[in-house]
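What follows is a set of structures for review.
The two complexes that follow have chain A in common; it is paired with chain B in the first and with chain C in the second.
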Partner chain A sequence: MTQKNRLGGGQVDRNTTLTFTFDGKTYAGHPGDTLASALLANNVRLMGRSFKYHRPRGPLSAGSEEPNAIVELRSGARQEPNTRATTAELFDGLAARSQNRWPSLAFDAMAVNDRLSGFLTAGFYYKTFMWPAAFWEKIYEPIIRKAAGLGSLSMQADPDTYDKGFRHCDLLIIGAGPAGLSAALTAGRAGKHVILADEDFRMGGRLNAETFSVADMAGADWATQSVAELSAMPNVRLMPRTTVIGAFDHGIYGAVERISDHVAVPETGKPRQILWRIYAQNTLLCAGATERPIAFENNDRPGIMLAASLRAYANRWAATPAPRVAVFTSNDDGHRTARDLHAKGVKVAAVIDTRADAPRSHDYEVLQGAQVVDTMGRLGLTFVEVRQANGEMRTVECGALGVSGGWNPNVQLTCHQRGRPAWDDALAAFVPGGTLPPGMVVAGAVGGQFSTYAALKSGADAARQALGLKGRAPRIPDAEDAPVEQTPFWYVEGCTRAWLDQQNDVTVKDVKLSHQEGFRSVEHLKRYTTLGMATDQGKTSNMGGLAIMAELAGKTIPEVGTTIFRPPYTPTSIGALAGRMRGKEFHPTRLTPSHVWAKERGAVFVEVGNWLRAQWFPLPGETHWRQSVDREVMATRASVGVCDCTTLGKIDVQGTDAATFLNKVYCNGFAKLAVGKTRYGLMLREDGIAMDDGTAARLAEDHFVVTTTTANAGKVYQHMEFVRQCLMPEADVQLISTTEAWAQYAVAGPNSRKLLQKIVDAEYDISNDAFPFMACGNITVCGGLRARLFRISFSGELAFEIAVPARYGDALMRKLMTEGEAFDVTPYGTEALGAMRIEKGHAAGNELNGTTTALNLGMGRMVSKTKDSIGSKLSERPGLNTADALVQVGLRPVDAADKITAGGHLMHADGPVDAAHDQGYVTSAAYSPTLGHMIGLGFLKDGANRHGETLRLVSPVTDLTVNVEIVSAHFVDPEGDRVRA
Partner chain B sequence: MIINHPLLGPRDSAEFVYLGAATLMDRPDPDTATAEEWHDYGYLRDNPAGPHRELWFHEGGDRSILIVTRNTTTHEITAVELARTVGART
Partner chain C sequence: MHDLIPITALGGTTAHVDTIGDTTLTELPDIALASVAARAGQETACGAKLRDMLGADAPAAGKAVFGDPFSALWIGPDQWMISADFATHEDIAAQVSSRFGRCASVTEQTDAWVCFDLSGAGVNAVLELLCNINLLQFAAGDSTRTSIHHLGCLVTCIEPDRLVRIMGPRASAGSLHHAVTTAMTSVA
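And then the complex of A and B:
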């Protein structure tokens, strides 16, 4: 457990030792470590295998741009694949495993791919697995899928919770490096509401990784002091461990806060992560810059990393990948790494600088005008091969190589509204350009302000500008202000297996091949080679690819352009996006007031939209659902049944123009409906197709209660609001949905009046004379409870629907059951309801299926010609009114034992069975306990004139052919005597 | 997106339901309109790259229908009106 490569200093807490495992082996680290820094301190450079060639890899970076050190964290249900070791905060007991290797990280059998690399170039799949075509799905794809991919899923439910939250601020500052801290201090001291978000667990950005001083103290100390001042301000909210993943419309930002990723198990009551929606008046992007590598032969060996990451490990985490290091650079920044590591006591073997005039050093050798042309070391770097300015080759022994090709501003979030970055010649890099998301400004390195002083100053200035702060500018602390000079140097001449995208194994050769094969657009290059398509989205690799492509095409880099940057900025867990919307919280259940009672009765429930409705009520001894349903139908038709119909939509329509309004939304007339009467209404879409049906009861001259089907309650309400506000804005009519306000029960059957008379208060006469079919009214029940009574029937029996305020629904149902004992009252569910409505020939959702008109439904004459209503004009279109238009009919099997199924089509008794000879189709089918055989409803060409004809019902899908007789859809009581009884 | 409701101030677009182009308000006169006018009303929509007047129903709010003028390329919203007020004016 010795930390062989642990250096002095740094921002790790040596007073505490954390124990963790990697591939089963135990190591020690400290609070403040990342998994990567702790492994490096323990002399572990090899952390993963690449995606395609299974090349051994170690960390390239020390941050979220990491392409290589991708590991699996934790175990059991919390196992999490494809996490970056460079950002995983170390905690005691962390169990990490390498990925994409078998049987072990050091010996990976799939590394044979690396030997076959000559064949596995860009476009390999497209070229190789084309023939025979049938092989793709069955043979090629499964093999490729098995060989590719990185981590593995636990295949268990995530045991943690995730949440969503909303925050507002005057200024959102993204990134807490020198620019972000300076901006936050400026805005915070001015009393503005500030959110400062940073993806790191320690705020300070590069200040923590550098040795520069700020205001006569170490930069990291200045950062600590600034964070302390900010955290004392009530108007400033610090959000460490928070990645702003996207810039959305109108100043809305998405941010993922990792609340519990740095502990083994979330604290009780705390979520794992929170997805914040931040509403920002202004946004200041201080996202910094990412160092870019140089491509050279075998530049992917463990130990080869970005130079600034190498010094970040030394300065912040007091860790070095090896005791002896070298640096390969094209600019002055690389020399900082050499200086810092030398100061930490790490042997700097050489600084290889591509520039002939590179600065020299007393402390280590500088090879001017030299380039690294190859490297050695199978599982970790041992030597680099250097071609010196004079052409002589030289071998430098080192266990780590810091590579610096300059810096790229992190422009991603500036492009999320389709902005395109601009090329800055002086920096030889893309900087934010064009149109930024409204309200966004940038400061610090993302804006090309690379020195510490420039970052501090631009942060303060940008905050003042964004917030319109007046008064004297704040004093900027003294800080490093070196001039910035970046010499573009993308790759070493002559290299082929030089990696650009290390995660997806895209080499310089692949880019050249794709150019040779004619891929000219940068978007095509990306998709053909997969450059930049990995979990890091090419943060370290895209620029190199663009530069090579530009060179081959004889264009400049800005002419080639970049691919489009899209959210999220870094990989985001699905859990965070889902938040609490899991299981029942994603699809909540609505329960009717009688639900508890129905459960006590042992009801079987069915989901209807979000509602749970009783489907049937099995009695002891009933083993098949049909036994229960048939009994419920027969009992209702023989005496009385009760069904909960609370879920039907109820809309209150009030105002002096209420009748005029209903005349507009229903195709049939409502103006002359008398108070105290109910009428069936059919609602059309403007195109003449039936939308929904229901009843409208006139409780007063200016007051109607409209019902809708359960499924369309929301849609019909929306449609009615459209008509009211957009088409009849001057009408005096108000709408409100009262679906939840009333519990409503259908009481059906010859004894329904007798049952109701036992609970309706005596002053209300509900005899057939006083309260005839289609009557409605306000009444009281059970000694004064206000209620509504409607004499309407879906079952075809003498029936009522009674509504009481929802909180009395349970009591009313129980009362109906008790009082109904004398009549053997039977509760019935949706199946019996469905069977009875088919027996009666009533259309329902199956018939109002979005393709049928009033004519199809056999209600063509209901569409009033004397008034205008929604859909009345377009329902007159000739195409909807042909002589052979489909009309609803009833179906009965010629052989009573035969089955009828919905979905089947009707064909002539003889002749071909194909679409050209189609006569119609079946929409509903049920066993009719009343008739003792199956019945169906369907649509048949010219159906009204074909009663008595025998057709074939065919369903090739279920292999069914049955002879059916076309009959009236009204199987039971066609004259309607019962409902009027 | 944030929709600046004339009565309720700035509201998140998640509270709204999109109902389509505001031309839906220009329903043909049932007494005089030709079949072609009905066809155009029912089936033809402009698809501009730029400002677009459209209806948003504040289902999660006060149930107002708003006419929002939104630039389809930038999502910039330049005007928000109550449909009922506009409809009553025309």
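And then the complex of A and C:
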């Protein structure tokens, strides 16, 4: 457990040692380490295998842009594939494994792909797996997925919880490097509400990775001091470990805060991650820049990394990949790496600089005008082959090579609303340009301000500008302010197997091939080669690809343009997107007032929208649902049954124009409905199609209670509000939903009145004369409780619906059961309800299916011609009123033993079975315990005139063909004597 | 007097109370509610009746007025939710209606809602996990309609960062309770 490559200094806590495993082997690290820094300190450079060719890979970077060091963390249900070792915070007991290798990381049998690379070029899949087509899904894709793939899933449910939240601020600062800290100090000292978010667990950005001083102290110390000052401000909220993943509409930013990823197991009850939606008045993007690599032959060996990452490992984490390193650079920034590593006691073998006038050093050799043309080392870098300015080749021994091709501003978040970055010739890089998301400004390196002083100053200036702060500008601390000079150098001439996109294994050769084969648009290049399509979204590869494309096409880089950047900025767990809404809580549940009671009765529930409704109430000995449902139907028709119908929408409609309003929304008339009466109503859409049906009870001249179907309660309320506010703004109508305020039960069956008479207070006469069919009224029950009674029937029996305030619903149900014992009262569920309504021929959601009209439903005459109601005019369209229009009918099997199923189509008794000969279709079907066979409702062309005809019901889906007789839809009590009894 | 025993929105016979960390969630079954909507052309008269009833001007958009016995929340243009103690105002709709006569439409809303008080130091930390209210500006007497756990709720600030009242759809009391207590656990 010796940390062979651990250097002095750094921001790791050497007083504490953490042990962790990688591929089963135990190592030691310290708090402050990432998995990558700890492995490097332990002389482990090889951390993964590449996606396609299974080439050995180590970290390219020290941050979230990492394409290579992709590992699996943890085990069991918490196993998480495809995480970046460069951002994984080390904790005691961390178990990490390499992925995409077999049998081991050092010997990977799939590395044979590398030998076959001549075949596996860009477009390989498209060219190879074309034929036969049927093979794709069953053979090719599974094999490719198995061979490629990255990590593996545990296939277990995620044991952790996730949360979501909302935060507001005057200024959201994304990135806590020098620009972000400077902006936060400026805005925070001005008393503004500031959120400072940074993806790292330690704020400070590059200040932690460099040796520059700020205000005469180490940059990292200045960062620590600034963070301390900010954390003491009540108006500033620091959010470390928080990645702002997207810039969305209206100044809303998505941000994932990793609450527990740096501990083995989240604290009990604590979420693993929280997805925040940050509502920002202003946003300051200080996302910094990402160093860009140079492509050269075999530039992907473990130990080859970005130069600034190499020094970040040395300066911040006190780790080096090897005791002897070299640097390959096209700009001065690469020399910083050499200086810093030399200062840390690491042997710098050479600095290979592409520029002929590169600065020299007393401490190490600088090869001016030289280029790295190849590298060696099977599982890690051992030598680099350098072509010197004079053309002579030279081999340099080194275990690590820092590569620097300059820096690219991290413009991604500026482009999330389709903004396109602008090309900056001086920087030879894209910078934020065009239209940024509203309210966003940028500062620091993302805006091309690459020196520390410029970052500090632009952060403070941008904060002042964004917030409109007046007064004297704050003093900017003294800091490094070196001139920025970036010499574009993308790849070494003549290289082929030189990696641009290391995560997706895209080489310079692939880009050239893509161009040769005609994929000239940058979007086509991306999709053909998969350049930039991996989980790192091409943070280190896109620019290289663009530069090569530009060169091949004889264009400039800005002429080639970029692909679109989309959220999320870095990979985001699905759990964070789901938050608390998972498992049974993925949507809210609505429970009826009798739910507790129904549960006690052993009810089987069904989800109806968000509602849980009792489907049936099994009794001991009943082994099949049909036994329960048939019993419930028979008992209700024989004596009395009770069903919770609270779920029907209830809308209170009041005002002097209430009746006029209902006349508008229902196609049938309501103006003349007497107080104390209820009427069935059908609502049409503007286009004349039926929208919903229900009843409206007139409790007073200016007061109605409208009921809607359960499914459409919300939609109908919305529609009615639209009509009230937009179509009848002058009318005196007030609406409010009362669905949940009242517990409402259907009491149905020949003994329903007798049962209710035991409940309803004596002063209310509910005899047939005093309270006839369709009567309604306010009453009291059980000795004075206010209630509503409606004499309406869905079952076709003598029936009532009784409503009491919801809190008494449970008690009323129990009361109905107790008082009903004398009549063998039976609770029934939605299945019995459905069977009875089909027996009665009542339309429900299956019939009001969004395609049917009043005419289809057999209610054409209900559409009043004497008034204007919504949909009435368009329901007269010729196309909806043809002679053979579909009309609702009943269906009975010719052979009583035959089945009827909904969804089947009706065909002539003889002749072809095809769409051209379609006669109609079945909407509802049930076993009728009353009749002793199955029955159905359906729509049939000219159905009203075809009763008695025999047709074939065919359902190719369920392989059903039966002969059915067309009958009236009213199977039970067609004259309606029972409901009026 | 009738003999029907009421249950609370969470299904118990007594109010449910959860204390997690520094915050407490208390179910409030003993609140009577009625909506009041001014009739067309009667807005001024309705406003006067409200002033009379509340002892203060009717709350403006996004505001609440606390009074004794009646309090009110603004819930829409010329529309308010009136609350009072359930024990003395179970028939709140009738009581309010008789005050307003024909200048307003009154609807009983008592059991359409589940009411919770969320109290304790750091209530905002819980609230920010639940809804998108701008808590930097949520002052006593502010009341807003917001979505919690996909449920349309009314949230009223009684004392900033110490006490808020959350009203949500009664049938989903269990889901709302789950959401709030999960958030309370998160920040505990």
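We take it that the second predicted complex is superposed on the first by the 981 of 981 C-alpha atoms of A that agree within 3 Å, B and C clash if a C-alpha of one lies under 4 Å from a C-alpha of the other, contacts with A are read in each partner's own complex, and residues count from 1 in each chain.
Methods note: contacts are C-beta pairs under 8 Å (C-beta built on N, C-alpha and C of every residue); 3 or more make two chains touch, one makes a residue touch a chain.
Everything quoted here is computed from the prediction, not taken from an experiment.
Visitor: Tell me which partner A:654 touches in the superposition: chain B (first), chain C (second), both or neither.
Guide: second
Visitor: Kindly classify A:279 by the partners it touches after superposition: chain B alone (first), chain C alone (second), both, or neither?
Guide: both
Visitor: Counting only touches as set out at the top, which of chain B and chain C does A:806 meet: first, second, both, neither?
Guide: It touches chain C, and chain B stays clear.
Visitor: Is A:873 in contact with chain B, with chain C, with both, or with neither (first, second, both, neither)?
Guide: first
Visitor: Per the contact definition in the header, classify A:555: touching chain B only (first), chain C only (second), both, or neither.
Guide: Once the two structures are laid over each other on A, A:555 reaches no partner at all.
Visitor: Given the touch rule stated above, what does A:417 touch, chain B (first), chain C (second), both, or neither?
Guide: In the superposition, A:417 touches chain B alone.
Visitor: Between chain B and chain C, whom does A:524 touch in the aligned arrangement: first, second, both, or neither?
Guide: The answer is neither, since A:524 touches no partner chain.
Visitor: Between chain B and chain C, which one contacts more residues of chain A in the superposed model?
Guide: Of chain B and chain C, the partner in contact with more residues of chain A is C.
Visitor: Name the contact category of A:730: first (chain B only), second (chain C only), both, or neither.
Guide: both
Visitor: If I apply the document's touch criterion, which positions on chain A are contacted by chain B in one structure and by chain C in the other?
Guide: 279, 730
Visitor: Could you please specify the touching residues of chain A with respect to chain B in the complex?
Guide: Per the touch definition, chain A meets chain B at residues 249-252, 279, 417, 438, 686-687, 714, 718, 721-722, 725-727, 729-730, 868, 872-874, 877.
Visitor: Within the complex, which stretch of chain C touches chain A?
Guide: Spelled out, the residues of chain C in touch with chain A are 1-9, 11, 29, 35, 37, 39-41, 79, 91, 105, 107-113, 128-136, 149-151, 169-176, 178-179, 182-183, 185-186, 188.
Visitor: Can you tell me which positions in chain B touch chain A when the two form their complex?
Guide: The touching residues are 1-2, 12, 17, 19, 24-25, 27-28, 30-31, 33, 35, 38, 41-42, 55, 57, 59, 63-65, 74-77, 82-88.
Visitor: Going by the contact rule at the top, pick out the chain A residues touching chain C in the complex.
Guide: Against chain C, chain A makes touches at 161, 163-169, 193, 269-271, 274, 277, 279, 580-581, 585, 587-593, 595-596, 610-611, 646, 652, 654-657, 702-703, 730-734, 736-742, 780-786, 804-808, 810-812, 815.
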